[in-house]
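Each chain gets a letter, A, B, C and D, in the order it is written, and its residues are counted from 1.
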Amino acid sequence: MPLKTRDEYIESLRKMKKKIYMFGELVENYVDHPIIRPSINACAMTYELSQQPEHEELLTTTSSLTGEKINRFTHLHQNTEDLLKKVKMQRLLGQKTGCCFQRCVGFDGFNAVDSVTYEMDADLGTEYNKRFRNYLKYVQENDLVVDGAMTDPKGNRKLAPAQQADPDMFVRIIERRDDGIVVRGSKVHQTGAINSHEVLVMPTQNMREEDKDYAVCFAMPADADGIIYIYGRQSCDTRKLELNEIDVGNAMFGGQEAVIIFDDLFVPWERVFMAGEYKYSGTLVERFAGYHRQSYGGCKSGVGDVLIGAAQAIARLQGLEGVTHIKDKIIEMIHLNETIYSCGIACSAEGKPTTSGTYLIDLMLANICKLNVTRNPYEISRLAQDIAGGILVTLPSEKDFNSTEVGHFLEKYLKGSADFSTEDRCRIQRLIENLTLGTGAVGYLTESMHGAGSPQAQKIMIGRLANLNYKEEMAKELAGVKQKQDVKSKK
Amino acid sequence: MPLKTRDEYIESLRKMKKKIYMFGELVENYVDHPIIRPSINACAMTYELSQQPEHEELLTTTSSLTGEKINRFTHLHQNTEDLLKKVKMQRLLGQKTGCCFQRCVGFDGFNAVDSVTYEMDADLGTEYNKRFRNYLKYVQENDLVVDGAMTDPKGNRKLAPAQQADPDMFVRIIERRDDGIVVRGSKVHQTGAINSHEVLVMPTQNMREEDKDYAVCFAMPADADGIIYIYGRQSCDTRKLELNEIDVGNAMFGGQEAVIIFDDLFVPWERVFMAGEYKYSGTLVERFAGYHRQSYGGCKSGVGDVLIGAAQAIARLQGLEGVTHIKDKIIEMIHLNETIYSCGIACSAEGKPTTSGTYLIDLMLANICKLNVTRNPYEISRLAQDIAGGILVTLPSEKDFNSTEVGHFLEKYLKGSADFSTEDRCRIQRLIENLTLGTGAVGYLTESMHGAGSPQAQKIMIGRLANLNYKEEMAKELAGVKQKQDVKSKK
Amino acid sequence: MPLKTRDEYIESLRKMKKKIYMFGELVENYVDHPIIRPSINACAMTYELSQQPEHEELLTTTSSLTGEKINRFTHLHQNTEDLLKKVKMQRLLGQKTGCCFQRCVGFDGFNAVDSVTYEMDADLGTEYNKRFRNYLKYVQENDLVVDGAMTDPKGNRKLAPAQQADPDMFVRIIERRDDGIVVRGSKVHQTGAINSHEVLVMPTQNMREEDKDYAVCFAMPADADGIIYIYGRQSCDTRKLELNEIDVGNAMFGGQEAVIIFDDLFVPWERVFMAGEYKYSGTLVERFAGYHRQSYGGCKSGVGDVLIGAAQAIARLQGLEGVTHIKDKIIEMIHLNETIYSCGIACSAEGKPTTSGTYLIDLMLANICKLNVTRNPYEISRLAQDIAGGILVTLPSEKDFNSTEVGHFLEKYLKGSADFSTEDRCRIQRLIENLTLGTGAVGYLTESMHGAGSPQAQKIMIGRLANLNYKEEMAKELAGVKQKQDVKSKK
Amino acid sequence: MPLKTRDEYIESLRKMKKKIYMFGELVENYVDHPIIRPSINACAMTYELSQQPEHEELLTTTSSLTGEKINRFTHLHQNTEDLLKKVKMQRLLGQKTGCCFQRCVGFDGFNAVDSVTYEMDADLGTEYNKRFRNYLKYVQENDLVVDGAMTDPKGNRKLAPAQQADPDMFVRIIERRDDGIVVRGSKVHQTGAINSHEVLVMPTQNMREEDKDYAVCFAMPADADGIIYIYGRQSCDTRKLELNEIDVGNAMFGGQEAVIIFDDLFVPWERVFMAGEYKYSGTLVERFAGYHRQSYGGCKSGVGDVLIGAAQAIARLQGLEGVTHIKDKIIEMIHLNETIYSCGIACSAEGKPTTSGTYLIDLMLANICKLNVTRNPYEISRLAQDIAGGILVTLPSEKDFNSTEVGHFLEKYLKGSADFSTEDRCRIQRLIENLTLGTGAVGYLTESMHGAGSPQAQKIMIGRLANLNYKEEMAKELAGVKQKQDVKSKK
């Protein structure tokens, strides 16, 4: 059975020789680095839960390619049930980790690449889908984490790839050889890149003929020569170096994002899934983005559950549980959170098969989902800060609490309700700080805004998918515009 | 085949002798009354579409009771597909009528009464469900419209039924006889009451033992002796009397609400489905409200489509189509509208069977749906008024346009884009007025607020269903509250 | 003393022979017309309060032109105190009438025309300001209502006046004669036009050289030959014809808007204040709009007070006074209402003198004020409907309450709290209906959106007035952009 | 002249021997501590600008006590002009520092204590005001920073001070001696405490008779024996220790909050301004809170200006300046920011004298101001993150940019528009990170929520000050409730 355990996953990472820079230095042992480890822990939860009987139904499934039991994160969706279970699995993982667990980008990449390469092969007589499915079997059999790498640096955003002053601002093929291609460029905001076994590179936008060298899709081992990672900073990242468990807020788990550099990377043909077929790049982006916008309906509502739970806990710890205005705010938080989830469920329930058989979510509703995700977590977060009180941002450090000179003062004066310990109050405050200002906020807020495309991208898609002409005709019909006689005759 | 045509429906209403008062007078021919007729037209659309092949799949289905093809509005949901089709059917009807089509309350009543009476029979050895299913067969075979009547006047809202100064402020059994019961009281806000063949009365809230005479559920023909209707006024209702088609905005369709008086009505036992079993009243209300909160995800998004289409049309007619800020507002309208729809879809996709086999929506998500419905249509409406321009509320009457003295001035000066007629501009403006201020606004706004329960009712349910303890535990787990050792051992 | 009484004002209107059309017919006695009269009553309140000692300070002042005591509505602001009192007077009148009292447009026109003509004279050696001040003395001495007429029909909004297919889509000079000018065109959305003694016409936008015939400003008696009025419809307007006081909601007062046609109107030179000086049209529009955007901070918060009061009253009448969620909504309504008022006060307190000595509000803050007015009343209105309950839109007519057959049923069943009469409940419900859906909503909602310019107009002004470069420099300074050395040296 | 320079201020701090703990250790040289120094720099700006001729009018004034030129932060407001200038001075300082500059709490404390002690003396024959004014003269003459200390830990929030399990949860008098009093307790969230020369302690809420030992107000030197400070952590606080100027975002300035412990502090009578007169504690809190809620209309709009400027700068640096949706978001940010400012101006313009002659802001409008401050900065912040793009939270560290191995990659790939440097882009991104997630967000967001009282406190005040009965009467008058005859007779 291809399912890895949590420990097997972590050990498999240890064997990889990745070139990772952080704070200007090469990281030696990235698996045990205190800043990186929580993000590995989060991703490892996708393995851990797959071994637990109570979560088996969500975390595992039967491969459509091999018939074997696999981790759902490596699956091609075969029906709307699969799409629905994906969202539920993501919500569960958001609840268990309180952060981004990073394995969805590859998952969403698989499903997008599968249907698009299938259509390419049908149209062009290529063998991309065959190659890709072979590759995916390998991923399934080895239960791998794959970084789905889409976002290019883009340089001047008003210019197309080929128009940029620096031609490398989008990943491109700089050489086509008999045995493969050589690519150069960078992918930014790469969630979970460091924790991945593989990287699946996709183009970032619709390309025109003159951009065809930028229409490139391929997969490579994450520690291949020519791949360099530079770790992104997060708010409060170095608290993890302080060895103060409480001050970190969520000591066990966290997100991760990196810049990837492709320093003239060689890719053999069997790992290439698009190489110049620019007409398909737009559809690939649209589908990947669609799946990923669905994803946020799950994972962000899971993290939202944690923040709602923390708000409820702090209200209790501070003696305000059950006070009407607090209850009202918590209900509003739930409402906003379940609205996100509803959109994730809806675009899944309304999914339809592509020609490859792989199911695609309803694109309109997936974009609606994501646009709500760019708003609701911010308001949930604001309400959590309202409930937490000012101590959220004025609490002294854990070391002060441990101080023999002043620790007893803090213990005495910062106690909330007499029924609970001052330490527990601090722990929950720090978790709320983590999720609304710290490393957790990076994922829960800013990534909710920009991950899977910034809100303007969703608005453009919504405008495009809305069939406004049809709506306009309905209105005209009812208003009797140019059809007065017909309307009357109906009476 | 039990499916009635539009005309058969209307003719069947003509045969009923209902006692209806409007403006202080008994209405003689209610079917052709200009204020009432548009609401009959709207309800008739549920028949008309059931005959059209392209809408057959949504509007009709196979009865779980008789195996015959029936109108979906008389169906007991057998699976999530049924729940999903219900929402889609409602959106379609909202689009076709631009208003409330009034047949959902009975439909939602059937499904709620079925599962609750089934549970009563299982617990108590009664035969309510058998009676009810016999009744429902009759409804299906005759393709009837049934008014689901729940809301009592309630008097002083802080007092329970038995505590009220006037004991009739909730419908109650005033006499139990061998052959049946006698009931007294009133139901208010009765959507579609006048257009119905039958009225299905349900209790309006959870009852206590001392309120048991108020725990009453039954069905009676809508023109039974002892039933009196008083028609509710709507904003701009009398424009329909002016015989100005344009000024009405939506000349063909409209909503309808009435006060029903039960003036010591006799109900035979075979039509009684609850008579004192107060412990079941709360569940019945909760389920009926749940189904009806789901309904709004469909019908209100359908009406929203019409308003969005009208906004797009008026932008075009006034030469502002494609202007960025207009497009942005229309996309926001779509976003808000599809958010409602997503919640309707989500609570349906997550539906589960009750013990009777009838499917129930996910109650949490149905409440989320409705709470969004109490907000989003108001903002959609505000944006529509923004796009429409001030002429929306300063436009002279159709008669002024037809005046030989000043009609030509209006024709000349109130022309928008030269490509379109002034009349068409007026028609669309009047439709927007109808939906945001007039008879349509009654249904699209205020009914969205209070129909299926006011927002506070949804908030209470959301708070109750949220499983806050579970969320709190997740937060504590991540924060290391009282479980510090365990958390550390996981590393 | 030039102050007219309420009755003198109404009698003075009777003497005017205006050509007014409504429902396609010439209106004979407009002063007593049941649809028009409430709007006259509202405007008359500006006279009535000026006679009351307790309101004298706000409603009257000393003329800067004549030294006499005048009605403030005819005054040129001499200091920020005047600007502040204007807003307070408007709030008071909004409270007293619950609607638009229509006298501000002329008032705002006076102040805008005064400073702009003063600057024209200084630049061009013209005598427009002298003419205008003579005219204003006449207005002050006779305590006149003047319609400030700005908005042209505009036709295709993407085209300038001279580019329109029909050259009359903006008011223009069609002939210049020795004794005056002849103008043709129309002004739409003319608030209070019918109640006015005079009409003060101003250009509606910035004009270019080729549009100079459209750069025209003048004043004429409202019943001059060549002026025709066509009355605009409002939601629920004809309820006033039903002679049901209760159903009207606000039986005494209402707003009014009309289309004015200038059918080749002759204007003598002494009444002309701009005739081709296109470069000044933009400033005139900007200042008039600025004053009028300030106005809304007063009048709309006054109407908001009425709606808040009605919400509080209905809560009490229905037994829900003091319930937490009701209180919370009422406080939110107050918050939104006082925010509007604060902006009105702020732009007044920050007013500055123009070269003519007449004080101008702070334009940025006046635009902020108005942009809040395009939003907050809608939310206040939504909250009022939430508190009112569904009966707001299902209440039968007053005639049903008076019916011998069914009146007693309504009296019995529609009683709220036993401490209050059913009639009082109906009255307050009808007032809320009036303000959120009926004639009152026209002024409180849609006019709040579009009066004094649609929200996009405010956004453009805000963007223009914001001094973004200065803000950008502050940010760069703090971020150390290109000034790293300087920043460091400051330490 | 009593005005200190920036350097004199900093030197004066060096002379004070304060007992400050941070990270569990006593801080030796707090003035040069890298985490503390930016907050001293921010406070020092109140001195620096007072020396600059262009800011003299706002930063300085003439003392009402001594007739000398003083720093405005030590002034008693003598008229509405003073109140208005206060807000403008605060906006200026917010712009110059991009953070909380910490000198307002004392300033607001002076004005509140002055009028309340004046009223106490008048009622009770005490000499508190005389003592206080003597003290304030000393403050003015030495141009001191005074920490206005109000917020107690409060323990279980449902219990009054005397009911708490631990009687020290509110600062209290534990001993009354001939020469003074001894106090024990703590004040939390003490903004600027470390930078202050003095601490002015005030009670935190309305007290009852049994709480009279808690009704205590006094001032003491900030380094008196018995005062201990424990420094509060902020998001990203330790970045200041990294010596990476860029990563800090706002390297020069920052806020500061501390827990103060009064470890049985002796206070001589001449420094005591309330000692048991519990009836005055509520008014003192209400006025202090009112002044401080006004303050936020100034300082937070100043910081808002910086964030708006940063958003505009980053749009330009990334090539998106002038793109419509970006412009629209920036205008919305300005709108929200100026709304806050308008409320600050409005409550100042509407200020009135107290019996002491010291002017008090309009309490209702000051509360409206603050309630907007608990919302608008969060939305401004969300919009800033929208404009910034995902790089805001994925940007590698400054050290990576300086690395010889990978610095050139980052320089190349993270360039935005070719017209600007990559470094400048990073600097602005880090400033936005600072203000929306980092140390700046502590002040701009969470402090905006809870400083000067949490939103629920404002809601309670708004409900109390609203005169709902008057509004209700207006509504009843218009609706004809119980006054039908009167209304009719007015026609």
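We take it that a residue touches a chain if its C-beta (ideal position, glycine included) is under 8 Å from a C-beta of that chain, and two chains touch if they have at least 3 such contacts.
Keep in mind that this is a model prediction, so the values were computed, not measured.
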*asked:* Report the chain whose CA-based centre is farthest from the CA-based centre of chain B.
replied: D
*Could you see whether A-C or A-B has the larger number of C-beta contact pairs?*
A-B
*Call it same or different for chain C and chain D: same when shared residue numbers make up over half of all numbers used at their interface.*
same
*In whole angstrom, what separates the CA-based centres of chain A and chain D?*
38
_Distance from chain C to chain A - Cα centre to Cα centre, in angstrom_ = 50
*Starting from the mean Cα coordinates of chain A and chain B, work out the distance between those two points in Å.*
38
*Please list all residues of chain A that touch 2 or more other chains.*
325, 328, 459
*With chains as vertices and touches as edges, which is it: line, ring, star, complete or other?*
complete
_Could you list, by residue number, the parts of chain A that touch chain B in their complex?_
37, 41, 80, 84, 95-98, 245-246, 249-253, 305-310, 312-313, 316, 327-328, 330-331, 334-335, 338-339, 341-343, 345-350, 364-365, 368-369, 371-372, 424, 427-428, 430-431, 459, 462-463, 466, 468, 470-476, 478-482, 484, 487-488, 490-491
*Give every residue of chain D touching chain B within the complex, in rising order.*
324-325, 328
*Residues on chain A engaged by chain D in the complex (per definition of touch)*: 21-26, 151, 153, 155-159, 165-166, 168-169, 185-186, 188-189, 228, 230-236, 238-239, 242, 247, 257-259, 261, 263, 318-320, 325, 374-375, 378-379, 382, 385-386, 389-397, 399-400, 402-403, 405-407, 409-410, 412-418, 433, 437-438, 441-442, 445-447, 449-451, 454-456, 459
